[in-house]
Every structure is written in structure tokens, then in C-alpha cells.
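Letters A, B, C and D mark the chains in the order given here, with residues in each chain numbered from 1 onward.
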Amino acid sequence: MQKEHNRFDEVLTALHNCMEACNRCYDACLQEEHVGNMVECIRLDRECADICGFLEQSITRNSPYIQELASVCVTACEECADTCENHPHDHCQQCAKACRACAEACKALVS
Amino acid sequence: MQKEHNRFDEVLTALHNCMEACNRCYDACLQEEHVGNMVECIRLDRECADICGFLEQSITRNSPYIQELASVCVTACEECADTCENHPHDHCQQCAKACRACAEACKALVS
Amino acid sequence: MQKEHNRFDEVLTALHNCMEACNRCYDACLQEEHVGNMVECIRLDRECADICGFLEQSITRNSPYIQELASVCVTACEECADTCENHPHDHCQQCAKACRACAEACKALVS
Amino acid sequence: MQKEHNRFDEVLTALHNCMEACNRCYDACLQEEHVGNMVECIRLDRECADICGFLEQSITRNSPYIQELASVCVTACEECADTCENHPHDHCQQCAKACRACAEACKALVS
């Protein structure tokens, strides 16, 4: 019972990785000593994790709003990456990388 | 400790009412004798309830993506209303009414 | 077209108020000068807002898991209230109050 | 920048697969000719997809409620599997299989 290849497989993986990286970064930011520097990260991590999770659900249930939601997701991923890239912490760098990959994958849904 | 009036109060009420009406309509559609006629309703009820709930969360946490998400919500509310209006059932008529009100409230966030 | 009274009306209002208060407290905590003191608040606000929103959806779609989810919600509301009560800020006090009311309303679903 | 192995990796994969299988089954059920036979499937697919997605988010953000939510998820996965197994359709069989695997993975979090 092999799952057939699906044109959404790649973006679903990217969304899942990005959601996970954002939530791990959020959790780690809240444990940083200088949490005052991480406020924007915490906020955008949550935004990005939530919209990624929502879009995953939308894609897999064949929603009519995939394209419109993917467009919001691109914005959220890029802004989260922009912020995380400014921080040297491993969790921020990993998050930024996952966000960039997800933004690229989502762009393919929009155009 | 009075909650101060907030420019989002109206849209939050509309979103909550719409989410509730869509989920009740979804539940009732699945109990209809001729469920084959309700397929599009079931589908769009879920879409609309999910995006309304998501936007409620986004507005109350002061998300930077309120405007973009409200735009998706307008589309979902209007398409759900268009479909529900075609059905004579009370739950569909109530749902259509809540969707129209919510679409109007969300439009105010977009422009 | 009057919405009939429903045995869930009270808990739905409590859940909505609690979700809103938690998200507003989360947003305000992230803007506090001494954000390092608010870390537990930020974390539990998000937990509580998310489970409240999820339970709202579950109740309105007549889910078979309302009772089990309400039980988790009671825990989340009480722990968030316990934490918020330790802070003098208005947003924390309002959040604690909304969480207590929501915990009580959810308890009625569990037993 | 290798992602370190994590004790939740297995359950996260199971949750993601289950959420995807449930949503695909939901979508396919709504397109079946005899949709009247699929009503319980449609309903439980949505329940299960939603709780799986919620638990994924909770685990990755290091929520204090993972264990309690995993317990609800076990129930939802098992009931969805019980229902889907009664249907010969490929999407139902695949969904049942993903639900069983997810229930097993979640049980490891509860005990």
C-alpha cells in the first residue's frame, strides 16, 4: 500500500519542518538568558508555526484556499527568517534555514 | 475591571458567531437524510470555521498578519454563504447569515 | 431567526473570553520592560489560548471528545491563572480572572 | 547543521502521517458516490486530523500538556481506525493504518 507521489509532498515536508523549527526556537528563546533580545523572535516563531500548521491542514484536506493561505505563509516565513538570522543561536539559525526553505516551497503554490 | 472598548470587538464577535454557525451547520448537514446534497456545505463549513477561529486567535494576539488573513476570511465567508443560501434548512440559513455578517466585518480590516 | 438557548452557551462564552484574555496578556507580556519575569506567563498564555480555541471548535461541531478536552482545558486554565495572579499588571490580573471563570465552566463539562 | 535525534521524532512522524491520511480520507469520502455511508468517517477523520495537528504543535513547543493531549489523541485515533477499517476504500484502509500507528506512538507518551 504505497503512498503515491503527490505534487504537494515537498511543500508538506517543508511546512512540517518549518513548524517544528519555529516551535523549537520559540521554546529555546524563552529559555535564553537575555530573553529581552528575543521578543521579536518569540512572536514571529509563533506566527509562523501557526500559519504553517494551518496550511498543512488546508493542503491535505484539498482546501479551495491553498493559494491564498500559501501567500500569507510566504510573508510569515520570510519575516521570521529575517529576524532569526540576526541571532547567532543555533536554534535561530536552524529556524531561519527552515523558514527560507518553506518560503520557497510555498511560493511554488502561489504562482 | 472593565474591559476597554477595542476597535476589534465587533469583528471578534462576528468571527465567533460565524465559527459557531459553520460548525453547527456542518454537524447538522452530516445528520441530514440527503447528505449527498450537502457535500459542498460540509466542506465549506469546515473551511470557514477553521479560518474564522484562526483569525480570532491572530487578532487577539496582535499578529502582523491580520489584514492578509482577513482577506482570506472574506473569501471563505462569502463562498460558504453562497452555498448555504441555496439550502432551505434552518442551520444553512443561519450559517449564511452569520457568514455574510462576518464577511462584512472582515472587509473593514482589509481596506 | 432567534438562536435557541444551548447548554453550551455559557462555556463557549467563557472559552472565548479566556482565549482573548490569554492572547492579550501574551502580547502585553512581550512588551513589558522586564520580560524576563514574564516568561512563564507568555508560555502558559499561549498554551491556554490554544486549548481554549480548540475546545470551542470541538464543542460547536459536536465532537465526541468534548469531555476529555475540557479536562485538559481545566488544567491549562488553572495553571495559567496561578501564574498570572503573581503579577500585578492589569493584563495578568484580567487574564487570571478569565482563566478562573473558564476553568469553572469547563469543570461542568467534565463531571 | 544536523538536527539531533529527539525522543519525539517518531511520534511526530506518526502524527503528521495520521493527520495527512485523515484529511485525505475526509476529502475522498466527500467525493464518494454513497456519501451517506461515509458520514461517521468524515466526522472522525476531522476530529483525528485536528487533534493530531494540535498535538504536533504542543510537542514541538515543549508544552506541559503533552501527556494529557496524547491520551485524547489515542482515543481519537483508535475510534477513527475502528470506523475506517469497516470500509473497503483505499483511502479508508490507508487512514486506518496511519491511525493505528499513531495510536501506538501516542501511547508511549502517555505511560
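Just so it is clear, contacts are C-beta pairs under 8 Å (C-beta built on N, C-alpha and C of every residue); 3 or more make two chains touch, one makes a residue touch a chain.
Since we're looking at a predicted model, the values are computed, not measured.
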{"item": "Option reproducing the contacts of C-D, where over half of them reappear, out of A-B, A-D or B-D", "value": "A-B"}
{"item": "Which of B-C and A-C has more C-beta pairs touching across its chains", "value": "B-C"}
{"item": "Centroid spacing, where centroids are CA-atom means, of chain A and chain C in whole angstrom", "value": "26"}
{"item": "Distance between chain centroids, defined by C-alpha means - chain B, chain C (Å)", "value": "21"}
{"item": "Multi-chain contact sites of chain D, meaning residues that touch two or more partners", "value": "46, 50, 57, 61"}
{"item": "Residues of chain A that touch chain C when the two form their complex", "value": "30-31, 35-36, 39, 42-43, 46"}
{"item": "Complex contacts: residues of chain D adjacent to chain A", "value": "1, 3, 12, 16, 19-20, 23-24, 26-27, 49-50, 53, 56-57, 60-62, 90, 93-94, 97"}
{"item": "Contact footprint of chain C on chain D as seen in their complex", "value": "44, 46-47, 50-51, 54, 57-58, 61, 63-65, 68-69, 71-72, 75-76, 79"}
